[in-house]
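One chain, chain A, appears in both complexes that follow, with chain B as partner in the first and chain C in the second.
This part shows the complex of A and B:
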């Protein structure tokens, strides 16, 4: 199936960025997705690029991502989602987990 | 005084049966008929237009007899009225294709549901009605009494006693209804032995025994591989345990067959333990021997389980846990669908399971536009038993919260069964689980049914659990409020997008809707790592090697 690219952007009142420069979570398995986050100077905006085989759910993506943006107040972050038919709840759960992962303190070498 | 009594022969059934048995005598040695004479036997004892029961349910199948019935001569045997629990083997429908049978009354049709819908549409099958198990069993004693029953057992002895053992299931109720109305009982068995482990069906109720060429088929329908449980299912399981099991102190219950309830079973020894619920919930079940319940049993959660049927691979485990399961003097399980459904209807405080679709009023159905799937036993448990008169804590609490109680029965206190549906707002392939209108309406039209097949009606449903929250529907005082509560937990489905945020906030204040946050559940903890067993191999380890999973579930 042809993949489609959707682009969204959100601006928080008091944008907070992520602790890591770059972070990755998830696997593009069936019904799942991967989330990449990159800290970037975007004038306070959160940008989201979604690559998905699904049609007819653009409005739902906007609602799910908008809710996440509003709750997290994320800004100056470029996010990329590679989706393989994940349901809205899976998207929401992975976004939360991705954010937790992106804010983990570097523990390498411990 | 005028003699108004009828002049008639009062024992025609008995005489007819004796005639049939006489015709069959050449094929039998004692009661034993060889496999190759089975078709001839059936042609001797069955007459056109008979009501015939073919044993089989969602577990064991009289598969050899089903095939033999397809091979009788349709010029001799035709217009049969099949009365049977399930239509699940191809032969169950072939018998209609061949013109041997004409009409069917049944309960469940899982794998043949699509073909059945076609047959009904094309007029190849005359559909009597789709029943629940107890309803169909009930009719066996009223207006659907079989003339001949083709049943299945593990073993027989020379006299004709039967051992149905672990998979007793529907056999006793079929035999009782048939034999005691002068009917004929034919049993396929895996083997004939000198001495049975125990007698499940006495010999004088059985007319013929056929040692089948191969052991009867059993479907491991209740085996769920923990490896396939998703994080979203873990989340709903956490919500159900905290927001319903703990909230009402549910001790006596039945779990549906899906992955959602498997997740709950596997969370009892972890999340349930953490919440201090051991001994307070999930002590008594009406349930098949679910492999995913092994960790909870092993950690001391469960006191008693009565089984509808067996489950392939659980034989040895069950045998070694006789305090928990119902057991014969020989030390093997005795399952019994009729009794377990009766227990499920009257003696449980909660039914919880998944479904395919829930409509805006709260009616739920597993029917799709082109599959006549039937009901099985779920509606016998997924309803408020109106004849119940004993009380328990969970039942009373649910009744006290019932928002319609006063409008219906005034100031009298009455309890209410908890009927819970677990539903992901979107199922796989992004098909919505909560909808404006059930597909059951389309099916009713396509298959020419009198009413859309509904698994659980809205007035029986008390709770819906989605990842967005729990709707405590029974607390609602009006259908408008109930519909608003459903919209509030319908997420991003078209139904959910109609929710009014102000109204949702109000329902949360009233405790009619609770989100994971309201329940104090941290969503980021909802991962598979909470499962007490993460795959089938770990279930085997929990069972101390007693659980022996079927080959298709072994990948090590």
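This part shows the complex of A and C:
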């Protein structure tokens, strides 16, 4: 079965973007994923593209991503995820780590 | 990503491919070429329903050690076991070509002092070889890399660093061994057929892949150091690998070339003699070979720290 592409979008009340122009975190290991975030003029929207081998969990993706979008209030950010069967809790953790990475100050040894 | 300082102090074994690439060169000099934002994922994996990665499991780029441009290839074992496919393989090949182009450029710009600015290629291996999903492209990449190693002869040093979880096996085991210099940690492993494949094909009596002590004393850094397949053994720390790499690069190129395992009739002869020795010795265990090369108490060697080991280990003598 071919890989599946899922697309989601969320709009925050007071959208905040990321500090870096773009940022990457993670390795697509078994049960893990990578996250690419790009700052983009999207009229306040956070867009998420997920590429995954998993079927039947689209609703769970929406719930996990929606919770992250709500908590972070991210907007004007295009996010792409390459997933390899990560569990929802791993997804949540990586999203928070990816956001921290995207907001790291460039001067700190970067 | 962690800061350069944190990566230096941290384990090489635990570091991912991007951290290794960033940490193996001087502080904040690394520029990734074809970074995740370029999204050069495998075109073959999606139709097979296999997860893709934006870097296809190989981080490539250029940094500096002193004045030297260092072209880095770093393989990620957690992505399909670090297996080399079409895109990852092409990235390896292109990095080597870029290093050779840079060599010509540096030579033209600094005709009198180009030796001080001589580029080098550093490959951090973590792979079982060809990615079977795209096997033809993967095999072709192996051949092209080998070809470019030959083009690099007498021009720029090519150095293998091995200290990650998967080790350097399969076709990439050959490639790693064909470099000018091999630097390993105790945790690093190098070989052709990996332990699990031997067990699967020939049986547990032949090789028990679950016996970690056996696996490490047959394929691990200490064994390769005694056999002189690996030139330098360092502790499991990114900073230790970088320090050793820096020391190697400070040597004259003619000296660096002396570390090679293959590449001349004399070296081939030396390898054949080693096979002959093994045939006569009929070793039942790597420890028999350690003893043959003068290590009186071979059973004690695996327990020693790298520091202690380097003081006492006797190695296969080299001809040159």
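Note that the second predicted complex is superposed on the first by the 106 of 110 C-alpha atoms of A that agree within 3 Å, B and C clash if a C-alpha of one lies under 4 Å from a C-alpha of the other, contacts with A are read in each partner's own complex, and residues count from 1 in each chain.
Assume a contact is a pair of C-beta atoms (placed from the backbone, for glycine too) under 8 Å apart; a residue touches a chain by one contact, two chains touch by 3 or more.
None of these values were measured; they are calculated from a predicted model.
Visitor: Is A:100 contacted by the first partner chain B, the second partner chain C, both or neither?
Guide: It touches chain B, and chain C stays clear.
Visitor: Answer with first, second, both or neither: which of chain B and chain C does A:41 touch in the superposed model?
Guide: Neither: A:41 stays clear of chain B and chain C.
Visitor: Should A:85 be classified as contacting the first partner (chain B), the second (chain C), both, or neither?
Guide: So A:85 meets both chain B and chain C here.
Visitor: Which of the two partners, first being chain B and second being chain C, lies in contact with A:3: first, second, both, or neither?
Guide: The second partner, chain C, only.
Visitor: Given the superposition on chain A, which partner contacts more residues in chain A: chain B or chain C?
Guide: Here the partner covering more residues of chain A is C.
Visitor: Is A:22 touching the first partner chain B, the second partner chain C, both, or neither of them?
Guide: The answer is second: A:22 touches chain C but not chain B.
Visitor: Once chain A of both complexes is superposed, is A:13 in touch with chain B (first), chain C (second), both, or neither?
Guide: A:13 sits against neither chain B nor chain C.
Visitor: I'd like to know which partner A:64 touches here: chain B for first, chain C for second, both or neither.
Guide: It touches chain B, and chain C stays clear.
Visitor: Where on chain A do chain B and chain C both make contact?
Guide: On chain A, the overlap between the chain B and chain C contacts is residues 85.
Visitor: For the complex, give me every residue of chain C touching chain A.
Guide: Chain C residues touching chain A: 1, 3-5, 16-17, 27-28, 35-37, 39, 41, 45-54, 76, 78-79.
Visitor: Looking at the complex, which residues from chain B come into contact with chain A?
Guide: Chain B reaches chain A through residues 230-232, 235, 424-430, 467-468, 491-492, 497, 523-524, 526.
Visitor: Note which residues of chain A are touching chain B in the complex, please.
Guide: Touch residues, chain A against chain B: 31, 54, 57, 60, 63-64, 85, 87-90, 92-93, 96-97, 100.
Visitor: List the residues on chain A that touch chain C in their complex, please.
Guide: 1-3, 22, 24, 27-30, 32, 34, 36, 38, 51-53, 80, 82-85, 101, 108-110
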